[in-house]
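After this come two complexes, each holding chain A, first together with chain B and then together with chain C.
Now for the complex of A and B:
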């Protein structure tokens, strides 16, 4: 008995010690900053080439600190615009006919002493052209297909020839931002760009090599990689060789990883984080945090949140292709309640493919007014009208295959697995709510919670015959599923065969609208695109949470919470 | 011939703490198993429109949690899970430990040394670490958690049983049946284990208490049974975030339940130990 009671006493002591530690302020006071990464998120990619499964926003934050993108945008001013300080080139100059663009690089230098030149941009384009099917940002017909010529004017100036006249604003914001000059002199492993691409990807997958591989020592950004733990903790140090105009005020920034938001919050209370976040379940403790020297600020995103259907899943892909089924599922999502109760009002309902709570320029009336409000009766009726009848256990099964839809076999049951990210109380609650409401209409939802990297790695595009196509639904939206570039167009998300079209959604009218949005300067095609996908439901639209509710050390200045989820730690100072 | 040593009277009755423990345990078991028959609540579907109600509001005696589950009903459902895992894991740990320890104690020599060094190695590895690793590899459920907790908890009963077996091995009745030609397995399973029943019963009660605590730990760390199922540890884990909101009704009930049951089982275990000790002295 003594042993059992001893354990109880130990638990009580631990809780008391943790509570006492809450009052101990350790954050602040030095020229280094600790930044808390999202729950269960561990950086696993620093190569600035998007590869499916490695496109998490926190990877992008580290990449842009090490490698300066050709063009960067941010929305910190309230409107999304170019961040010239964080860009490797001066604003592009388009030809009068719009079919070419001339770009001049700024005088940046790689940390091995070599200058950043036009050839470094060409090197990048050669790599993604040679391996475009493996490049996560690829969409057929767009970058790099739409660049038909590369002409080097001099070391710092080059001209891209385009296959047609694009909307210049879109092309700069959504295409040129995909390019990052790479250190050709250090990374050109083989004359064949395909082999070099494969080599770089292989090296990048070796997380243990990030600390020692000379490849990762050559950077041109305001930071250099000091250490990279396979468990995800990353420390960046000020790059002494940086020659741009956006140098770091801080000596170091450390990205900390946590298995859950609760674990992060405990460390935050103990003063172990300079820039962390507050789980919305703990928002009642705001005064306590403020008394500890933290500023508490929501970080809203230029984003949407959704659950992709895997239209190629052998078991349920054909069912997901039926609009009535997607409508029935969407009718069972109580977005208002989830936003207000589970997210405590910090999330906002989202009904379509463009961000709803920021600039309304592209928002259609259909998306704005929610074509499929929470209505379980309508949901049930849609399913019963199409041949789905409950089995003895209450789960619906297809009993009238002619009514269920083509390719759906008699006896197919609406029992689906949702692969979701772990570690967040809000996401756990959302999933329980979803499971609960769907069960009321006869749909069984099995929840499989995994770390975010696992969800992203497993829930990618796949062929129906591939074992990788076993996933049916996936959720990676605890901090928003997708953060847009300046134009919230869908060429990466919902265009046929697009790199981030994880669910393999295919719809010709959608493709046409996406194409039109990339060419026209008028917003109408974007509005039409918003309307169509609000009605077609290529995914389950979910409430869009803030990127996070931040707790920032009050002595840390210069912090701007970019709605595009970018981070500019080089501008922070004490 | 099988000889079983049992206390001459149920000594628990003469031990006030043990009696209190037995009564509390009985009431808790009754509360968890029969409670839902008398008090109906939906523990499957969320009710966001009734989330975080304080006790007494809208017909919820203990209020509701962050997803609108009735806390009183949830306490019953969670108790079933905690008790089921605790009992199954405790019995499994005791059974494995009993056989392992009996074999080691009776065999002696190199087999005893090998078996007990394995036990020593296992004891050196924190059970919680093994549990967390296992819980990340398999989807937790009542059978899985019972197996895993039982699988990491048998080491202490093994040590106890080994000492008991080493003593019994020298008793005349064991030597006698060995001379009569009984095989090793028959001696172990037919005579040693039945004669160590007192040790095993006491160890088993402590194992059950420990298993209930372990499942609470694991659930507290977010690796318990998946929702909408729950256990007391998971309830406590979810509730602890509302400490500063003053939502005591989410924190105290599962916390008190864990403390009550663990203490009650330990009291009963103490009583049984005293009873068997008295029998040994008689």
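Now for the complex of A and C:
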């Protein structure tokens, strides 16, 4: 047996020596950068023409590195504006009547040598027009419905005719940014654009073909695809054929996938990642990371975070429709404590529908100053003034129906269920804090934590008579509830019957302001919209968590953390 | 033996069938379905309806299950919602990686555990037994994630000898090209397996050493080494063999915790990611693999036990 053990020890020693010979990666020191993708994120789409289910931001980052979008926006300077270097066209020129826009492309070239032309833009529009219901960015009445004509002036200039006069700022930021010129000469599989769309989608679904399919070799961006693993790891290499003004300083960038933030953090501490993230629970180790040569920086998103009320809920929908009740609830949200204690200072308080820790252009004074600060006495008074009295168990019940509000029956109790996403210590803590404060004013909050998919599937738009309308409050904001395009208007969130207006909020003045924000040229309507919804509380406004807390190799320069989740790795250098 | 095998295989088929029924029904009873999770928060109702139609979620659960069963019989496990790849292809890619990790860990664990268990049993009550048993208990009580974390901190962060994560790549060759990246996950798996088996082996050997046949052999003057290895060893192995058989499913399904901690791209991780993304076809595929390997592992353990232990008698089977 002794001989056997000796042999085993020898084998282990050999294994150790072999392993030592393999060495391991340390961050820094080469012209290749490793970037950690969010936990469980697996890139699964590089076609810049996403269908539903493939619109994740990490897919977008890879797409924009390969294919230059018509217009890119960036918010890293503190103001969200056009990133001209990263755009395929010069700034658009709107006609005096606002019903057409003329665009001139920059002299970019596809990697097969063909120039990027107006026909490549028309090709994109033809594809999304032919298959708009299958296009992930489609909203009825907007792109491409709102483009009624396409006129090619020359190879690099074209004019779009619009169905009506739009706010140019909104149209450029939220509509023209959806367009990406595509290599028509290489991708026009069939004269019928619908068939070509289906063909491209089928090819894009074949992840195993990304490395070999000639389709993906034709790019015009600063990078080309070097390798794509179906397990998620993607490597981009500098595009030697790139002819634009925004070429890459780096040779390669590798996107790493991780099972969990803990696995990523272990690799980060072992020096295996150049640009990673720190779980907020590990922020106490910031000095250690800094001593290892990492810069630790929160990456704030162009986003808002909230808890929708279900205004159609049969039990409490009528109560939620009362502004005083929503005010009382908002007064019980201690945003400062949640941001500073639970999120360890990485979240920012949010009081309205416009992102408020980045560009203040659209921020109203009302939203900025918080019309409903944390104040439990005011909260209690608002409820008692409107006929709510505590039951023996301390939970408030409506005892004066005339004062409670129309449709609220006597005896209705303020006991509500919050469907919230599970799996985050910070979210758990936030919900417990909310429950605790609300209990002090006589509102019972029952917390039902479920996986994010379940929360999204259940907390959705419904009719009052439907069994699906049983949900009352829902929270899906561990990484922010909603990330905006460049123009943070609310047509998808708070307009009547909007796709993501999960709580069925209806308010005519809000609809008018949203319409005005997309049509009028003045930014005032957006500021008014910010003020109205900060006061009207269509949702419970909550602190906005960061997109992530980044740990960036200190020797990596040129990194800016764009609130719109763009990366622009071509500008990084050592 | 043939009748015994046929009966057990039939039973195995029934068990696998019931597992697929239960898993399928539970998954499809989840409120809301996978559409919103798969398509994202911005998907329109029309897009959600189209997804539900395309995936058959607008049909009754029995009809959906029947479709699933028909496809299964034809070898079609479905296509992952998020990875756009056949589940059979995904399993084909991930299983070899998981086998490499878990089979190596199990094998090393057995190689360490069996002699260790015998050694401890022979020295029962002595200081060396007390110390090794104590250490084994500590390791046995240590959660795998903690053991993995300790290994990472010690050998990837404090002493930067091994990578903190496994090599990434599509096939097993990518893993084998960086053997260093396998050391820590294999060590974590080995540690857990070794202490578990060694406890059983020690206990089994101690029991056998107290048996009459050992006393008789000693009385006849048989050398202690012969008693130990020719008589006690095979008898002690029988109970451990069952355990090894029952560990077969883990070998195929992977160790979720180890794979998660070391970012190891195996079946366990595939299952975890699928669960997070409501990727029903992948979840069903992995559960099927676990079910099949569980019943086959159990069958294998019974057959091996039958062959190595003449005391085991099954009606109708000649040992």
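The working rule: the second predicted complex is superposed on the first by the 328 of 574 C-alpha atoms of A that agree within 3 Å, B and C clash if a C-alpha of one lies under 4 Å from a C-alpha of the other, contacts with A are read in each partner's own complex, and residues count from 1 in each chain.
Criterion: contacts are C-beta pairs under 8 Å (C-beta built on N, C-alpha and C of every residue); 3 or more make two chains touch, one makes a residue touch a chain.
Computed from a predicted structure; not experimentally measured.
In the overlay built on the shared chain, the residue A:269 is in contact with chain C alone; chain B does not reach it. Once chain A of one complex is fitted onto chain A of the other, the partner contacts of A:279 are limited to chain B, with no touch recorded for chain C. In the superposition on chain A, A:208 contacts chain C only, with no contact to chain B. After overlaying the two complexes on the shared chain, residue contacts for A:429 are found with chain B alone; chain C is out of touch. By the touch criterion stated above, A:461 is placed in contact with chain C alone, chain B being left untouched. Of the two partner chains placed by superposition, only chain B is touched by A:338; chain C is not.
In the superposition on chain A, the chain among chain B and chain C reaching more residues of chain A is C.
Looking at the shared chain after the overlay, A:42 reaches chain C, while chain B stays out of its contact range. In the overlay built on the shared chain, the residue A:260 is in contact with chain B and with chain C.
Shared-chain residue A:195: touches no atom of chain B or chain C. Contacts of chain A with chain B, set against its contacts with chain C after fitting on chain A, overlap at residues 1, 4-5, 8, 259-260, 262.
Of all residues in chain B, those touching chain A in their complex are 44-46, 48-49, 51, 66-67, 139, 206, 209-210, 213, 222, 226-228, 237-238, 240-242, 244-245, 259, 262-263, 265-267, 269-270.
Interface of chain A with chain B (complex): residues 1, 3-5, 7-8, 259-260, 262, 265, 279, 281-282, 284-285, 288, 334, 337-338, 340-342, 422-423, 425, 428-429, 431-433, 435-437, 439-440, 447-449.
Listing the residues of chain A that touch chain C in their complex gives 1, 4-5, 8, 15-16, 18-26, 40, 42, 44, 52-53, 55-56, 133, 136, 138-139, 205-208, 229-231, 233, 256-260, 262-264, 266-267, 269-272, 451-454, 456-458, 460-461, 476, 482, 492, 499-500. Considering their complex, residues 30-47, 50-51, 81-85, 89-90, 93, 111-112, 115, 118-119, 149, 152, 156-157, 160-165, 168-170, 178-181, 183, 259-263, 265, 269, 272-273, 276-278 of chain C touch chain A.
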